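Sharing a structure, written as structure tokens. Questions coming.
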Amino acid sequence: MTSPGLQSMFHALLLSLVAGTPLLMAAFCCTPLKKAVARLLPWAAVPALLTATTAPIDVVVEVPWFFMGGRMGLDETGRIFLCLSAFIWFLASFSARSLLKNDQGQTHFFVFFLTAMAGNFGLILARGMLGYYLFFAVMSFAAYGLVIHKGTDEAAKAGRLYLTLVMIGEVALFTALLTLMHSTGSLALEDMAGVSYHPLTLALLFIGFGVKIGALPVHGWMAPAYQAAPIPAAAVLAGAMINAGILGWLRFLPLGQTSSPQGGMLFVAAGALAAVYGVVIGLKKKQAGAVLACSSISQMGLITVIFGLGLLDHEAGLQAAPVLILYVVHHSLAKSSLFFGYDLVERQGRTLSRLQMAALLLPALSLAGLPFTSGAIAKTAFKGLAGTLGGPWHGLSAFFLPITAMGTSLLMFHFMYVLRHSRSVGHSGRTESRIIFAISFIAAAITLWLWPAARISASHSLAGMKFLQALWPVAGGCLLFLVWRRISSRTTVFSDEQKKQGGFDTILRTVTRFLQEKEKQNLKQDGLVTSLRKLVPPLRRSEKIMGRWKVVGLSYLALCLCLLFLLL
Amino acid sequence: MRRTRNRHKRLDGFQRLFLLLVICLTALLGAILCTIHGPTPGLADAVAQFQEQSGVESPVTAVLLNFRGYDTLLEVMVLLLAVIGAWSLTEAPFPDQITEISPVQMGAVRLLAPVMCLVAAYLVWQGSHLAGGAFQGGAILGAAGVLLLVSELPWLRSTPVFSLRIGLVLGPLVFVGTALFCLFFTGDLLGYPEGTAGWLILLIETACALSIGLTLASLFAGGRPEDEVVLEHKPVDQSFNGERS
Amino acid sequence: MIFLHADTPAWMLFPIVLPLIAGLLCFLFSRRTFVIALAAVLANFLVVCLLIYQLLVFGSMRCHMGGWQPPLGISLRTDGPALLMLLMTAVTGLAITLYARGYFSYRIFDPPRAGRHQRQQRFFWPLWMLLLAGLNGLFLSNDIFNIYVTLELIGISAASLAALSGKPASQLASFRYLLISLLGSLTYLLGIVFLYRSCGVLDLDLLQNLSNNGPGVRAALALMSVGLLLKTALFPLHFWLPPAHANALAPVSAILSALVVKGSFYLLFRFWFEIFPSTITTPALNFMGTLGAAAILWGAIQAMRQHRLKLMVAYSTVSQLGYLFIAFPLARVDGSAQLWSIVIFMALAHSCAKSAMFMVAGTVFLHLGHDRIKDLSGVRATLPITVFAYGIAGVSLMGLPPSGAFIAKWMLLSSSLASSQWWWALVVMSGSLLAMIYVFRVMSRFFVIPEGVSFIRPAPFSPLLEWPALALALISLFLGLVAPWPLHILSQGSTALAQSFPGGLP
Amino acid sequence: MITTLLYSLTGLILFAMGLFTLIVHSHPLRKILAVNVMSTGVFLILVATAYTPLGQGEIDPVPHAMVLTGIVVSVSITALALILACRVQETSNLDLLEKSKQSKARKESGA
Amino acid sequence: MTWGQWLLVSILLSSFLPGIIIFALPEEKHHLRTILNLCGSTLKIALILIMDTWIYLGHSFEIRMVIIPGVELLLNGDPLSALFATLSSVLWLLTTVYAVGYLEESPNRSHFFGYFSLCVTVTIGIALAGNLVTFLLFYEMLTLTTYPLVIHRGTEKSLRAGRNYLIYAFSGGAVFLFAVVWLQAVVGPTDFSGAGFSPSFVDTHSTVLVLIFILLIIGVGVKAALVPLHGWLPQAMVAPAPVSALLHAVAVVKAGAFGIIRIVLDVYGAQNLLLLGVLPLLAGVATITILYGSVRALQQDGLKRRLAFSTISQVSYIALGMSLVDQPLALIGGLVHLVHQGLMKITLFFCAGNLAETLGIHRISEMSGVARRMPLTMAAFSIGAFGMIGIPPTVGFVSKWYLGLGGLAAGNWWVVLVLAVSSLLNACYFLPILTKAWFGKQQGPWPEELYVGRFETRLMLLVPPLVTAFIVMAAGVVANAQISPLAWVRFIVREYGL
């Protein structure tokens, strides 16, 4: 009889360890044990990896006392996300450890790093609304420490922007959760199924999680933040934390169980716009991190489109969900691999060797859907989805996807170009960096091919026509890039993007400064008291007059007469 | 001088207003006074009824010292208070040198003072059946004292302060003492035991007359005797004496 | 031979006779005056306690002077209000006596002015004892002319006391005070004439029973009221009070503010609501209320702008007296019982608080040599008990709970709101607020830490200078908590009152 | 009856005169005198009250006693007030009392 | 007297007696004073916990003392008073420890601690007050006992602040008194019964009752710093940090908020208020205050001033919750915020005090990089600030969550909007402080480095904020547990039958 209890206890322990380990380690950073923590950093992600691979699915552990009713558990989606995130965090930890070996603010960084990690793992395991929100917030705010770590002006500015948008996202999310809770009356994520969403709730959810993935109106933080953060941090931002946004959508708007045509349209429109916009602004960036960020915006736009399609109706939802996950896995691995490559460049202190260049090109073009890459598989799946929806959505696959693929390849070539021309100083830990890059490269290259769920799409992507269809946008992108380079070598494109970046930020500061000026003026005035002071001399005079005998006599007489009259 | 006087006669606006109000008030009160008629019984009958038991024949004295003796007790206190107040305020003005007194004045004083004392005694005695009594007698005594003071006769001044104080306090003290004595015997303050009323009243009247005379004279002197306040600590400077300047 | 038993009415003579004799003795002997006075005050206190016991057990009593029944004789009587006033006088008087001892002995050791201070002490005691006798006589008296005599007794001794400090300003003020008090007495006497003409009796009980409300009685009431108002210093006639109270010696100020003005007010109130209730009219009540309201505001505003502590406290008296009059217009609704409790409570609380405050002012004056409000800094460190007493007395003046004044204000407010005369309530509230301002204007100065002085050791002060003030302040503060007792006393012995508390008090 | 009234009204008028002087004139001595006049007025009315035509021509002694008491009181206060006025005049110039031209002029004329 | 009444009395005496003794103690005996203080506060917590237990078990405590008909002193231990009393006593202990550290070597300490103890006695009195009269009594005494603390520094500036504080507080008190008397004249005794007066009065006296309600809210709103009655609070910042902590978290502002709760729940009762239709008014005032306070906070450079305006804004959450009194969820949010706001704000003020006392930092512009010098303090500060913004898992989130749910349940979308906007504004004025402190670079030497030692500051200054910060975090994390503020508030709401 005790065995189920024991089992569930063990289960709960395991699940708690996933987020608990990094959190505990973060706590230990504040103690003299910080050296040990620094050494053990990569192992923080190991429980998560273990859990993701071994823990049973769909067992929900209730922790009623925890934060208004905690629930945690692992489902299929969660397992994939956890696996993916843990892997990327694991790699990034190694990278960070070696990168920051001699850094002054090492401990600082690790605290935030570990906390963000805990948040990221925790939210994947969360099975309650508030739990998700809690870990999401923890992750978001901890990531601020990563963004700002370098301490440069750019980092500060990026951090401010990031924080502002995170805050907006948090508030939007908070509001959305309130409305959800109000309409469902339950905190469990399972109960989201079949809810009819208020459009406002949808919009709030879009914004709330959209901040994390750089959805269009709230994307501004991504480029500066990716650029400003140390590269391992950027890698997890782009590879792991970004997925929290997608997972959020999946959790709160479970595909296949809910539908909202209007919402779907909103998501599709915003995603499509972002997919193009990301490329356009990406081409203006001259820093590798920023370019990758814009690529993320663009790629996430595509994922948003997939999600939007899934929201259109239940059928579509059921089909879209696997595609979405496929795409997410593909993007994360590819993007992190790119970042680790970028890291390698930075650390080598010189340009890449050909081999390295080629290796880096693979994940880059994988994003554009180059045949034989995971990108091709993902894109095929996407097209398949669009195809099944039929009608107007068919045009999407025929027209829109190639265009974005072309754009992405253009952007990726631009990335390679920027990477080649970037000046780097060189850091320690080249060997580690190489190994990490290699691992990530391999992961990006083969995961989808080995993944059972992607098998159909994988085989489809190898079909002849598909092959060609996937190839021409890449080629087109390459051509376009060459043409564009020609033109832009004469006219400097990198003009005044700095100013625009801080636009929102500037407004905020101006308003604050204006308010503070007013406050200073307020403080100077002390009107009431001075005006009351003026009353004193007349009062004194009148009291003196009151004391004169004749006034006394008059009042005496008046009093006599009055009382006489009144009493008679 | 004439002009100023004229100016004084003219009333300014305030005074006119004031005059008007005063006239109004007087008229009003007068009118009310006129309306109060009808039987105003007063207490004449009551007094007459108990005259027998009061121990004196004069109704006024009966009221003063028997029926409303308590009032009189307090009134004596008021007089004493006036002296204490006067003494607390200032020292009696003391001329620097004794001026010569004309022999006529001296002679008159020598003649008048004993006579006045005699008259006072008579008035006190007479108080029991006719108009008169302690106050009248005291007033005469006081006048005698004033006469002596004006004549700069030294005896009043050279009287030891303590005996002067005894003289001042004697009347009130006897009055209070008698009252308490009566309280002890009859249970009423100033409730004279049967048959003793006349004598006790006379005792009170005599003592009071003495004190009242002394009081009036002291008030006339305008302040305390020089050595009234005995310094326990000698002042460093003369601000005590300089107070009057 | 008569022995005094617990139920003998003659006990009520002692509060008058004892101080009287003490006053005579104090005048007669120049040494040990304090001992005499203290003995008298203590005995007075004990007798008053006994009288209260008597009242509670045997009810209201009459004591006929010389055994002559009214209308011929004078009678004294004890009832709830009178005994409470007596108690107030006894308690405050005891504290003031002790304080005065400390005050004079401190001053006498001040060599340059020792002579003056010795004189002040020499005459303070007899004057104070006679004043006490007069006050007790006033509260107990049941004869309208006898009241006149006691008023004079009080007036003369008070004026003499006010002039005692010897400063020109105080003498001037005292002169004015004397004249005003004389004018008041004469007006009162004129009223008596009218009354005697109309009714032919002087005893209050008889007058009450006659319930004559002819024009003569009305005029008499008006005249007597004006006379008493002059002595009470109600608003337009208040001008003499601040200088007289502020320039007197501190114990004297305490006596004048705490006790003397209460005497005439007590009479006024008694005449209006007990003796001649059939003559009073609503407009007249409202008129009195209006004057009271004006006094509250005017006094408080003037107090706010004063530069000297004692003047501030004196103006505060002007303001506080207004509260007593605001109760008048509420008589229409509540009857006199509620009214009595309001004014008696207010008077009790005020007299304790105000005498405490004047004592504080005196102590501060002795300590610093001045009482300019803006230079009072640092006193907190040197005279902590005094400052504490000031604060508590201030609380009571402001009518904050649980002070007795709060209970009074509460009753005022509830009466005025229950009778929908909310404007009186507004005045009361604003009066409290203004009181807050003037009380704390000084308080904050006490708290200022003077430049460059980090810590000052308390001055070696006589405890008699500090503790009586604190004791009185505490009494005024906790009066509210023991409110049932005074109310119980108040409800005894007066028929009008007994009717208004049909079930008795819990 | 008429006599009583006559006396009474006279007393009232005396009272009024005294009152007027007390308020209008500022010299302390005048004030003291004015108060004395006032009290005389009151006593006059009181004495007039003692005459009771209905009481078989008897004179009510109580008002007499009252007047007597009143007189004594008035004497005491007058004395005290005079001494006080002297003190005030000694210690401070009369200006303190009231700063009206009248009083100055009066002082001059008095001197 | 029963043991329960003795318990109530001894709860009051456990701080009153130490206070009185401290007044009498000579200035130099600081050890004895500290021991007295700590013993008193520990004892008080113990007693209050005993009371809490019994209340939870359904026991009720009451002392009644009739002064005059209509004026009764009534001490009453019900769940709501237990909530406030527990909060105050726990925070008092911490504040005492903090104050001992803060005022080391400064003059007039016996005075300070004397009033300090009295102040807490009075606060507990407010908590235990069983009717409006008793509440008024302690409410006015609170002003008196805090005033010496506000002007404790004795400077001109503090005097001015004290004067304004008094004027505001006593005006409020006067209005309150007026309203209480009036209310009693209309509906009779005003015991905190849990249901309010009989609804029949609503039919007969509706206008008057509305007016009285407004007056009552004005009366307590002064202390609760509702706009436009908030003017005193930012000025009172001149007081020493423990006093600010006391004003903002333990006593004064809380007393005002608690008064609002009492008036709404116990004096009027939800049902009557709905009938009278005055709740939107309260909601409007609360909303304006929340937003206004936040905007003004944004304007401040002085750290404590910013915190003060933040208090103004935060305390109105309680009023907001009360304005939705018919919604149990909103009620929970409002009530629990009473505790939560106290915890968060006291943490912030402790930290601000530490900065001022250790490094002489008074302005936000001076805070650049201060977290490297004082990491623990700033960590505590950050937790407090996150709580204010409402970031999970701090307690601030819990309050906002329930408030928002209550608002939605009442069909009031704007409540959520207000919460959202206020959260954003809170973030706007707190996050820059945090980023500056943690990630900014130290610019030049600290204004006035007063303490250099083994820890970042004196231990007695360091421990209290850490403890409160821990509670801020922990009370949020275990919000759903058996013992947490939230649980107790749910118990209260159950008791009120909602």
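The chains carry the letters A, B, C, D and E, assigned in the order they are written, with residues numbered from 1 in each.
We take it that a residue touches a chain if its C-beta (ideal position, glycine included) is under 8 Å from a C-beta of that chain, and two chains touch if they have at least 3 such contacts.
Source: prediction; values computed, not measured.
Trainee: Would you mind checking the shortest number of contact hops between subunit B and subunit E?
Mentor: Minimum number of steps from subunit B to subunit E: 2.
Trainee: If you apply the touch rule, which chains end up adjacent to both subunit C and subunit E?
Mentor: A
Trainee: Once every inter-chain C-beta contact is counted, which two chains account for the most?
Mentor: Looking across every pairing, the one with the most contacts is B-C.
Trainee: Comparing chain centres built from Cα atoms against the global Cα centre, which chain wins on proximity?
Mentor: E
Trainee: Averaging each chain's C-alpha atoms to get its centre, pick out the one most distant from subunit A.
Mentor: Most remote chain from subunit A, centroid-wise, comes out as B.
Trainee: What chain is the most remote from subunit E, judged by the mean position of CA atoms in each chain?
Mentor: With centres defined by C-alpha atoms, farthest from subunit E sits B.
Trainee: How many Å are there between the centre of subunit C and the centre of subunit D, using C-alpha atoms for each centre?
Mentor: Centre-to-centre distance between subunit C and subunit D: 28 Å.
Trainee: In angstrom, rounded to a whole number, how far apart do the mean CA points of subunit A and subunit E lie?
Mentor: Spacing between the chain centres: roughly 37 Å.
Trainee: Roughly how far is subunit A from subunit C, centre to centre by C-alpha average, rounded to an integer in Å?
Mentor: 78
Trainee: Provide the list of subunit C residues touching at least two other chains, using ranges where the numbers run on.
Mentor: Expected reply: 145, 149, 152, 156, 159-160, 163, 171, 183, 190, 196-197, 215, 219, 223.
Trainee: Which positions in subunit D touch two or more other chains at once?
Mentor: In subunit D, the residues touching two or more other chains are 15, 19, 22-24, 45, 49, 62-63, 69, 73, 76-77, 80, 84, 87.
Trainee: Indicate the residues of subunit B shared as contacts by at least two other chains.
Mentor: 18, 22, 25, 28-29, 33, 40-43, 47, 68, 71, 75, 78, 81-82, 85, 89
Trainee: What's the complete list of touching chain pairs for this entry?
Mentor: A-B, A-C, A-D, A-E, B-C, B-D, C-D, C-E
Trainee: Which residues of subunit C touch subunit E in their complex?
Mentor: Residue list for subunit C touching subunit E: 341, 377, 380-381, 384, 388, 391, 395, 398, 400-402, 407, 409-411, 413-414, 417-418, 422, 425-426, 429-430, 432-433, 436-437, 440-441, 443-444, 447-449, 454-455, 480-481, 483-484, 487, 506.
Trainee: Which part of subunit D faces subunit C closely enough to touch in the complex?
Mentor: 15, 19, 22, 28, 31-32, 35, 38-39, 42, 45-46, 49, 62-63, 66, 69-70, 73, 76-77, 80-81, 84-85, 87-88, 91-92, 96-97
Trainee: Using the touch definition from the top, list the residues of subunit B that touch subunit D in their complex.
Mentor: 1, 4-5, 7-8, 15, 18-19, 22-23, 25-26, 29-30, 33-34, 37, 39-45, 47-48, 59-60, 62-64, 68, 71-72, 75, 78-79, 81-82, 85-86, 89-90, 135, 216, 219-220, 222-223, 244-245
Trainee: For a test of understanding, state which residues of subunit E touch subunit C in their complex under the given definition.
Mentor: 23, 27, 65-71, 73, 107-108, 111, 133, 136-137, 140-141, 144, 147-148, 151-156, 159, 162-163, 166-167, 170-171, 173-175, 177-178, 181-182, 184-185
Trainee: Under the definition above, what is the set of subunit C residues touching subunit B in their complex?
Mentor: Within the complex, subunit C contacts subunit B at residues 1-2, 8, 10, 13, 17, 20-21, 23-24, 27-28, 30, 63-68, 71-74, 108-109, 111-116, 118-120, 122-123, 126-127, 130, 133-134, 137, 143, 145-146, 149-150, 152-153, 156-157, 159-160, 163-164, 166, 171, 190, 194, 196-198, 200-201, 214-216, 219, 223.
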